[in-house]
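Naming follows writing order (A, B, C and D), and every chain is counted from residue 1.
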Amino acid sequence: MSIRTRRFLNDPARAVAEMLEGYVAAHAGIISLRDGMVVRATPKAEGKVGVVIGNGSGHEPAMIGWVGEGLFDVNVAGPIFSSPGPGAIVRGIEAADRGGGVLLLVSSHAGDIMNAELAIEEAEDEGIDGVEMVVLYDDVASAPKDRITERRGGAGLFFVWKMVGAAAERGDSLEACAAVARKVRDRTRSLSAATGTVAHPVSGQPLGDPEDTTLSVGMGVHGEPGDRLGEDVGADEIAGLMIDRLLDDAGLPSGAQVGLLLNNAGSLTLMELSVLYRGARAALERRGIEAVRSWMGPYATTLDMAGFAFAICHMDGGLLELYDRSASGAGFTMVGRQGR
Amino acid sequence: MSIRTRRFLNDPARAVAEMLEGYVAAHAGIISLRDGMVVRATPKAEGKVGVVIGNGSGHEPAMIGWVGEGLFDVNVAGPIFSSPGPGAIVRGIEAADRGGGVLLLVSSHAGDIMNAELAIEEAEDEGIDGVEMVVLYDDVASAPKDRITERRGGAGLFFVWKMVGAAAERGDSLEACAAVARKVRDRTRSLSAATGTVAHPVSGQPLGDPEDTTLSVGMGVHGEPGDRLGEDVGADEIAGLMIDRLLDDAGLPSGAQVGLLLNNAGSLTLMELSVLYRGARAALERRGIEAVRSWMGPYATTLDMAGFAFAICHMDGGLLELYDRSASGAGFTMVGRQGR
Amino acid sequence: MIDRDLAVRLVVAAHARVNDHQEELSRLDSVAGDGDHGVNMATALAEAARRAEHDDHGTAAGVMRSTGAAFHETVGGAAGALFGAFFGAMAGQLSKAEAPDATQLVAGMEKGLARVARVGKAEPGHKTMIDALAPAVRAACESLNGENGLEAVMAAAARAARRGATETAGMRPSAGRARFAPDHSLGTEDPGANTVALVLESWADQLRTEVRA
Amino acid sequence: MIDRDLAVRLVVAAHARVNDHQEELSRLDSVAGDGDHGVNMATALAEAARRAEHDDHGTAAGVMRSTGAAFHETVGGAAGALFGAFFGAMAGQLSKAEAPDATQLVAGMEKGLARVARVGKAEPGHKTMIDALAPAVRAACESLNGENGLEAVMAAAARAARRGATETAGMRPSAGRARFAPDHSLGTEDPGANTVALVLESWADQLRTEVRA
């Protein structure tokens, strides 16, 4: 297996800008483009907490698809796989400010954190206050549990986005919203797997070895390599060992209720996702864990990577109530409680 | 570029059955599995028209994702790329029957039509009546306009599913629902394009030449080949010539309002889709056509094909009202009017 | 006489033969179709053989009916519908006779061809299974009129089917999926026509072996 | 004296050099990172060179400040933040002198290194740009203390940076994306350290050419 280098673009160097134009035009009732940023078409009510994220592009529908009611107020999209710079993040903070303070969520990647920290400094220099920043991580493969803060952000952060968005929309204070972010983060674990790799649209560089078809578990959202599994491992076995690793790391007791997210990293078929999901549910059942909510589809993609990630979020302490609140972004619509 | 033959499945021969189990389990509030068929979790009110479709698998989220309120009542999924047989379709008709008659929609492909016709014969033999069948087509590449009934079904049929589902949910009669199906079909045109190909999960056969990276316009939803475009054609140009061909075929006057659908055939990135969408909007504007509603994402996939399709539907004569009605399937949720 | 046991042996022979060629059949279908014909036919015939051996159908007609049902239930698609129709029509014809013989079998093939033509609406030259089945039925009738026995009749049918299948390579398709790219399949034989040839060849071989034994 | 025009020529030289090596830099980053380092650096320096040539900054400090901004505005990511920080700190130092000379430039490099270390929190040996930048700053200080001129100081810095970049091949990363697969990048040099070496080499070459001319 090798990778697709031919892409349907105009000038790759303008791909992100043109993507934003096209995506926003296709969802004009929900989002609009301001100063290169994706913002809600109808701003949140005054006095409520604004929620912002800056991130590299190439992970769509994250994060452009999660801007909307009950979700983000502003998404500052950087170049492909690169966080935006501090100035852009400061403008995002300003755009999200409705007078109730602004929560800047950061998925833990070196560049994202550095640029966010520089942005906070810049904002302070400019006299902007009422800004809180929470760094989020969930990927169990990226650091051992005793160094949990060194873990990187993965697909499971969708649980955080969803619930923080709901809390802010409900009118929770900045402190309360930041507490929700930390609480959900601490209850969330993810682990990814992929076979093959993708090519960077601008540099054309394949990430890792394009001839390697081994299944790699613990790969990062930018194609950073992980551990390798044999060729003959079936979907049930893969799902089983990944779920076991997540549950062991989270230390969940039998009887616990979790949200289960199965993320498509890009080009997995819904057929494969569904078969993997079935395997994950069986693995959860073996451990006495109940999946009370599910989400299966593309969340944080890595272009057209043939991979996926499982994430679980321990849904205790009022989280279910937050999860079930309505949300409406270009990439995610939920009307009250949906499915399970 | 070559193709991915390694898939995350257990036994490929059981892939469709396991997919249905997994998909339904992930969306338990919306759909359930009965006798191997995907049915609504909460049946439609009695006396209303049931809407059924049978089709080959490998096109997910079509059609399993379009079962739900305001959409299909029953989806009978066949093997990969194969319509189900007549007996299964008859059981689907029975399951959809709420006393108001059943509309069987058929996407025009040789096998789908034959099995549907045999099913209608079988149903008559079994004394089931009140069944109407409408054959749907939209793909302008598959036959010239003067032999329009020989065209095959493509991604644009989503417009039909959506609006027929809305009419049936509203309580329209069987005759009226069938009329909506024909009316929307006659106003809909689609055209697809892809580069490279996919491998059949069971036979392992690549469809077409896996070494051929030429962009092919007019490819079928099962990888049937089309015309070839040069390597150096950019997204705007591709979108422009495809939209022009659709508008020419539909013969739409300047000022017309259309729904615009951009379908992801499998592994296209949302970045590429968004850039192509932008190009299509510009092409429509050049012809004075207004895109009043848009839908961009995976609709009818061909496993992980790197391709897409554009479809337009002329939204006149009350169609917009039907399009905007709420719908809620596992793969599509709409709450009143959304975006544009 | 074509009794239940002979019918079972014919279905089992057809399955074995098609199964051996399943990759080739899928490959033929991948050129301008969706690459599944071999899988479809092998799956359906495996189920047909399983049912034929395990169920108690009593008559050859029963075996043929359950074979047709296996095509309809396991495969669907174009070839599933058509082979199902073929075996269903054949069963209808065989059920009319107490002790069906070569004459009934050929009449069954004629009925099967007619049903396939009605359901599929393809004509000779459209590059489909019809292009193997129609000459096979014609050859079987002629051989029967020449007062040949079952073995010779089937051998003639199989030869004609193979010739017909080979000739499809030079045709441009007007039916089935391949018709959307008519030039693409020039030089490649039609997969369904090949299945017809394989099935009839397996029957001719089975009958020859039985006569010799 | 390092005036506005010399600063512009240094930025233009850095862009030309990094641009020539952009594929190699992206390739280095693709081994255990996300394959974009060359694109990032070439994009940022192209914008920096464009601004340097077209805007009217007046002073060398102004050119360095706008170069830092170009990194922050066009690229972001880890290296965007860090190189932006480097040039920003350098600008702050240069702006303190009326007519900055080699001493100020080296002081600016020291301030830049300190800012990079503060923002990135990486230490020497973590396989990052620090492993080229830290030895370069040290070598520049030593050369300056040896009373060498700007050309020689920069030549010493460039040599040390190159040596430092080469040595990163033997390190296991503890910072940046590559740290998640520490063994994967063994034997491969760190991309950011290479950019540091390339930039300083381009400055050394530019200064040598100017002195000789």
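Here, a residue touches a chain if its C-beta (ideal position, glycine included) is under 8 Å from a C-beta of that chain, and two chains touch if they have at least 3 such contacts.
This structure is a prediction, so every number in the text was calculated from the model and none was measured.
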Treat each pair of touching chains as one step and give the shortest count from chain C to chain D.
3
When every step has to jump to a touching chain, what is the lowest number of steps that links chain A to chain C?
2
Could you pull out the chain whose C-alpha mean position is farthest off from that of chain A?
C
Chain B to chain D: how many Å between their CA centres?
54
Roughly how far is chain A from chain B, centre to centre by C-alpha average, rounded to an integer in Å?
29
CA centre of chain B versus CA centre of chain C: separation in Å?
32
Flagged in chain A as touching 2+ other chains are none
Tell me the shape of the graph of touching chains, choosing from line, ring, star, complete and other.
line
Which chains touch? The pairs are A-B, A-D, B-C
In their shared complex, at which residues does chain B touch chain A?
1-11, 15-16, 18-23, 25-30, 57-58, 60-61, 65, 195-196, 201, 213, 215, 231, 234-236, 238, 262, 266-279, 281, 294-296, 298, 301, 303-304, 306, 308, 328, 330, 333-335, 337-340
Using the touch definition up top, name the residues of chain D that touch chain A in the complex.
22-23, 26-27, 29-36, 38-40, 43, 69, 71-82, 84-85, 119-120, 175-178, 180-181, 184
Where on chain B is chain C touching in the complex?
13, 54, 56, 78-88, 109-111, 114-115, 117-118, 141-142, 152, 199-200, 202-203, 205-208, 218, 220, 222-226
